[in-house]
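Look at the two complexes coming up: subunit A is in both, with subunit B in one and subunit C in the other.
Take a look at the complex of A and B:
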């Protein structure tokens, strides 16, 4: 089944991306014609594609860095507090984690709504629209992405820290190491396998952000200013019926993520871990 | 803090012990503030769901309501076929969780306990499969499902979700199966247990926490999905799922916020219940999976 539902579509994806494939071909009205790398040429010649690619990389990087920073900081915080605040933070995080992406997106949109949202009221921004400007719209989506994805990092890293023997930390503290120093020189190296896993997972997830952008910016923002590759591919394929262009974008994404996979495997290898 | 009074301690140590106390208070205060900030969107969602229409669309939003009403919920449940969407979502999510847990358990056992040719290749493929952007695959998947004649059926949602949740589930479960000592397996066979008996009566209970952790992921992905539902359920809306019902209220120009918030609440609560039920196992489960 894995073969049927994953490998075959990937193969088809590659296939479609080298043909001329639009609505006419789907309904069988016109024969499919082989285009070679024509679709890719069209894609790479399109200024918007490069802009979207750049936006995707920058946006994903910002999301990953913020998610990891927040998640790790809170995981360390969790180890320093007593049971009640810990439980409160844990439950709140699990709540954010459990919230479906689509609900999370609509709720955040409502919080920052120009007319009825409480955030503008509190900040005294009047009817400032967050989704109008390119950067503020991206920023808003970033907040939501971090909100719903830091819990995974926090819980995982927290579980990892708890597995570190207490004596090690005590010894470091007795030697006069500061909190930051303990994190950098003791915890981070010991947690490296875990950090690699959460980093890679975050990269995969944030590079593929779809629902948040699609819902919060209404399918890519005003004049497509908030498009990321994933939404771009979807829009090309389903909104303008250029299936082969959409498929070509999908192949490009796949290749970029494959490169990430290879780096990941390198890292695992260097740690001497056997698959 | 009786240590502070100990005489043998050096002055530096005394000082450090002393300063740590306000440090912890600050940490706890921070933790509570962060918890409040993180929980606020959820609070606002539930609150808005109960607010009467006039209060939601007011330019003076208040963090409480004096006249809670079920109006928004009535609109949600009164929506045509809402119960049906809910049921569809439950069917899809439950089917995906059970099927993927079952398959992932067997597959994870196979790739950890047996050495066979292409084993490493298979493992790498599981990893690569996680990297595939689901949205890009929607296009070819659409054709596959059309060719299978399953467009507009729940199978068009169940099958792809199983396929997409399996790689991650197998990858995570591996760590748990690895953690069970092989001596246990040998001992079981010595005592005359069959392979199936070992699998279901000994190994299965031992890796259950891991199964719970992975089930959380497959449950969420199936429950939250709106991409497949939007793309594969194209004409027969009685096969639609909850996220689609939510989008009905959300029109970009004039969203019905009360309806959206109530539908969101209805959609989030089952996941929350699921999470609270598995919370303890989840924390230990994630730790166990990643450690290996």
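Take a look at the complex of A and C:
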């Protein structure tokens, strides 16, 4: 049953990706034709696809690193502060977590709005447009992505730290280890399984980011400079009804994510750790 | 992880057995019932009540004429029309009999197999001969007619009379004057855009290309070839993109703007000029510039000429899957008749698609004069190819303008890239 639920959509995705399948085929205006790997050839021959793929990988990597750094730092902070500030930080993080992506994106966009945004007013930037430059637009989206996904990392890692016996930490502190040293030599190795899970989760999330880019850069930015794979696939599949091309992009994304995850697990296993 | 041989075998069998993804058979229906319920989808406009009243009076007459026939009208939101109509094509069982659709979608819907060929009915329809040529072109694909024009929309130049008076400026008579006037206003009043333009405002940019003698694409019927990289078209692109910059409309803001954004800026008093449609009239009237603006046709290259405008608008079409073809065609003709279009204009301000009716209403309402003049001068239409939907959704033209105004590419290479993408799209639809 579970296998069916998982396999059937993927099977359909793969199937559609080897046919010429647009709106005309769906509604029966034209017969469906088998294309083999034609859609993939078209995709790989398209310079824009490689550009978008590169942007997606770099952007996702930046998001994952930032999210993990912020999440872990705040998790450690949580263990060091007293109850009231801890509660406040927890609530703030949960608030960010619970905010729907569309709402979050819109609010961030407003904060950085060229004409009415408070950020420009506070920084005295006049009517500087944050979404005009490629990197500044990606940076803006990165902030939003980190903001809405660090709570998961923070809460999970915090729970992990709580499970670490207090004596271990105490012993390290007595030996004169700095906070950073404790994290690197004691906590991180003990939390490895948890870190693996949140990293894989983050990779998958950030690689598939859609809403933030779609909302904050108006569907891909000036001249498509902020397109990521998911938005690109949407543009192909739904906006212009080239379902088969969209499906091919989906399959490529699936394979990339699967490969990343497998390589990661493999590396871990070689180090003698079992998940 | 290990994939078992058995699983692979099962997958292989499935893959060969199931063969193709689902399609729905919308071959045209053989049935043509003369009674029963006709389902109609029309677009939900902002402030829809006057439209409903016009439609209701047509329906009342229709139902009186056809005993046993009943009509239900559903007003569908414009934003989600694409999904709704696609879904209707996919599921003939719950599809309507008659729909309103945007005229740039005609070729795509025909290729999808969604619209019924009504060429003979259109020819036999007495009123059809007064339909203006561009409107007729917007329902025609490969020489066959797939609907009737419902109304047209066209754009012209809105300008602030108070600003022009204060600075002692004349209304621009050529495109060169338009550009220099815009820059003079910006220099005198840096808080205003001279002429509000948008990198994503394709329909505002097209008149510049056409005025210089350029075309988006050339060809007829099925085979089109991009012409956006021709020398004439590039001159138009050059002219339009020269309006982006700190001396008129800063690229950092204007590159991403759409047509609506430019009208919003104008209505809010942030621009001295804007290219807006007859359908933008209400939005501008509701803004702070009410009473301090006028509209003239967008000037062409030569003194006194009018730049060819894009003839937008909506059509009505009968679905191929209808089981009440005769009734649906009759209702379509009634809804789009001269009388009904005249009433629709009075109710909603939508311009009639019949040249003679349009002249009559222009005499009554002063604000439509510049738009009717523009329509009378010359209008053009996007390529009647299903590839247009792909080109439009793929943001080919906005990307081209944005690449130029943001300095990523020069006009020649941006136009060449756009032409390549357009040709790819034309080729992919055969």
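Definition applied: the second predicted complex is superposed on the first by the 258 of 275 C-alpha atoms of A that agree within 3 Å, B and C clash if a C-alpha of one lies under 4 Å from a C-alpha of the other, contacts with A are read in each partner's own complex, and residues count from 1 in each chain.
Basically, a contact is a pair of C-beta atoms (placed from the backbone, for glycine too) under 8 Å apart; a residue touches a chain by one contact, two chains touch by 3 or more.
Predicted model, so just to flag it, every value in this text is computed and none were measured.
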Touched partner set for A:241, first subunit B, second subunit C, both or neither: second
Partner chain in contact with A:102 - subunit B first, subunit C second, else both or neither: first
More subunit A residues in contact [subunit B versus subunit C]: B
Partner chain(s) touched by A:132 [first = subunit B, second = subunit C, both, neither]: second
Contacts of A:68 with subunit B and subunit C, given as first, second, both or neither: neither
Touched partner set for A:114, first subunit B, second subunit C, both or neither: second
Which of subunit B and subunit C A:218 touches, first, second, both or neither: both
Partner chain(s) touched by A:156 [first = subunit B, second = subunit C, both, neither]: first
Subunit B/subunit C common contact set on subunit A: 11-12, 16, 218
Subunit A - residues contacting subunit B, complex: 1-2, 4-6, 8-13, 16, 74, 77-78, 80-82, 85-86, 88-104, 106-108, 110-111, 113, 115-118, 121, 147, 155-156, 158-160, 162-163, 176, 193-194, 197-198, 204, 207-208, 210-211, 215, 218, 229-231, 233-234, 237-238, 243, 246-247, 249-251, 253-254, 257-258, 260-261, 264-265, 275
Partner subunit C, residues of subunit A touching it in the complex: 11-12, 15-16, 19, 21, 23-30, 32, 34, 114, 127-129, 131-132, 218-225, 235-236, 239-242, 262
Footprint of subunit A on subunit B - complex, ascending: 12, 23-24, 27-28, 30-32, 34-36, 38-39, 41-42, 44-45, 48, 56-61, 63, 103, 120, 123-124, 127-141, 143-144, 159-160, 162-164, 166-167, 220, 223-224, 226-227, 231, 243, 246-247, 250, 252, 257, 260-261, 264, 267-268, 271-272, 274-276, 279, 282-284, 286-287, 290-291
In the complex, subunit C residues that touch subunit A: 1, 11, 14-15, 18, 20-27, 86, 89-90, 108, 110-114, 199-200, 251-253, 255-256, 386, 389-390, 392-395, 398-400, 402-403, 406, 408, 428
